[in-house]
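Notes follow once the structure below has been shown.
Letters are used for the chains, namely A, B, C and D, taken in the order the chains are written, and counting of residues starts over at 1 for each.
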Amino acid sequence: MTLLIISGSSREHSNSEYFAEKAAATYQGEVKWIRLRELTIHQIHDQRHDSNGFDPVDDDHAEVVKAMLDADEVLFVTPLYWYGMSGYMKTFIDRWSQAMRQPELNFKERIAGKPGSLITCGGDQVDLKGLPLILQFKHIFDFTGMDFKKYFIGEARKPGDAEKSNRLNQLEGFFN
Amino acid sequence: MTLLIISGSSREHSNSEYFAEKAAATYQGEVKWIRLRELTIHQIHDQRHDSNGFDPVDDDHAEVVKAMLDADEVLFVTPLYWYGMSGYMKTFIDRWSQAMRQPELNFKERIAGKPGSLITCGGDQVDLKGLPLILQFKHIFDFTGMDFKKYFIGEARKPGDAEKSNRLNQLEGFFN
Amino acid sequence: MTLLIISGSSREHSNSEYFAEKAAATYQGEVKWIRLRELTIHQIHDQRHDSNGFDPVDDDHAEVVKAMLDADEVLFVTPLYWYGMSGYMKTFIDRWSQAMRQPELNFKERIAGKPGSLITCGGDQVDLKGLPLILQFKHIFDFTGMDFKKYFIGEARKPGDAEKSNRLNQLEGFFN
Amino acid sequence: MTLLIISGSSREHSNSEYFAEKAAATYQGEVKWIRLRELTIHQIHDQRHDSNGFDPVDDDHAEVVKAMLDADEVLFVTPLYWYGMSGYMKTFIDRWSQAMRQPELNFKERIAGKPGSLITCGGDQVDLKGLPLILQFKHIFDFTGMDFKKYFIGEARKPGDAEKSNRLNQLEGFFN
């Protein structure tokens, strides 16, 4: 069994990733990480209705999608930037609209039913200001047919805050 | 009086932009457009807590921010991609966290109180599935102190649908 | 074809009901009204797990449910009180949990697939502050299997404001 | 210091109340309970704009309001009925619009700044389906000027489930 963690954090050792590590420690199986900041992923060009469909894009997107489809379970990790997922994560997800139309990826069939979770982290009234992100991911999971298992909203302002968080006990048994 | 329209559409002549044109036709003053797809804007690297702050980034972000701060009113236009703003728009807004820390931009003082509106467009149950985006922008406007005047959710599936929309009458007097 | 309007307004000639009348004028068929304030409906006593189930309640609830199940289409009308439906409406809907367990009503089978709409009206930033209500009704419709066709959020502060509303054009063709 | 717990549960020994007891055990001070099901509270009749204002209502509402205004802190407890607060709770809160206009209660001044929390409990995907309620209470707290300190969403289907909940550790230190 494999868990793929896809991180949209923009900095090393982010608080979001710290929380994700704690959650992942409860996963019974192999854990893989993809950090989007280390890859090149271009913005989507919406060509859904072009007669020739989407132009091929030369970047790392397909590789991440393949890893996601190969995994048994996916954990999306993103800091709460401006009350939503980071631009890294959004840019990645926007391109799913293209990946869904690449027959060789078999995107729709392979993502349907896959368990997915979400970890985010913000600095101010996160339990309230993080809710639009949760609602958005609910729609994303519903559309793809993924099974939205769980989410965790962390609170941290400065680098290192996650380690001192009083919410760490919520991550015990995250994947059990 | 100047209205700046900042568009996060990824294709020319998008439905979102069509709705924005109709809304803008009711504005009493000059209307300027910035289409983010025509510019280069990099993802943020969160260095808020680095001792030296953010590294300078060589792209078009500051130019868009300056135009936004110079305008009397701003209209954000984005297709509804995956139940949120487009990656173009999100990448742009994420970088506000950097712009707020560039003293020469005087970001916080100049954006506070500025009227802002939002036009989005989606294809399926948009009045429900667009709500996370509206809730997110509410937080964005609140944080910056912008005055969230109005939003419009358009419905369109294919290129050209906006022109035939039965919601166009909701745009009459949008800026009055 | 019959449209049943169930109103949770607490006063005569409310703004919400005015908007509902305008919407109903576009319905092709018979229009019936039920005003909950004119009836007696008690709060639910949750006895779902009692061995004998729910005690019978002597009030007007079953009558309203029957009318709702008999109608081809239902329009729920409620003022926006404290960012949600009125107590009249909530008290009525809470009791559905009891009605669903009264075999003679055949509630679940008869409500599934029925088209439903919602009209509300508030006084302050209604397009934002009314959203929790919309999200709640989305869940209500989903749970019952009703088809959430449309909603309208009116803005009015004082009695009579609805008649002067600049949103009346959004009600043209509401049921077409 | 006094904590007032206002419960909108409709049955004795409800799961919501169990969670509230656990939270209250962490409060440093006196804890008082009001269970709305044991009182008589009538629906509001919106007479805000009547020349003579609201007619007096002979029920227990003012008594609960006084206890709320006397308390140092308030915990609202409600089962998640139909993705919102119970009719008991909603009927109570609706009447605040009347209480705010009774000069002898001094409602607005005395509620502003008061810390408030929320505990709810539902049975199915509560972390998602409870969100409209959280968003609604955010608006309620904002309007009154209360300080929304914390919320907890419990999961329980049958009587007694709360005692076995794996979320009880989230209530440790709820009021610390």
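What we mean here is this: contacts are C-beta pairs under 8 Å (C-beta built on N, C-alpha and C of every residue); 3 or more make two chains touch, one makes a residue touch a chain.
Here's who's who by UniProt: A, B, C, D = NAD(P)H-dependent oxidoreductase.
What you see is a predicted model; the values in this text were computed from it and never measured.
Centroid to centroid, with C-alpha atoms defining each point, subunit C and subunit D lie 24 Å apart. Taking each chain's centre as the mean of its C-alpha atoms, subunit A lies 38 Å from subunit C. Counting partner chains per residue, subunit B shows two or more touched chains at residues 131, 135. Because contacts link each chain to exactly two others and close back on themselves, their graph is best described as a ring.
Listed by label, the pairs of touching chains are A-B, A-D, B-C, C-D. Subunit D makes touch with subunit A in their complex at residues 127-128, 131, 134-135, 138, 148, 150-151, 166, 169-170, 172-173. Residues 9-11, 14, 37, 43-47, 49, 79, 81-88, 90-91, 93-94, 96-97, 129, 131-133, 135-136, 139-140, 143, 158-159 of subunit B are the ones touching subunit A in the complex.
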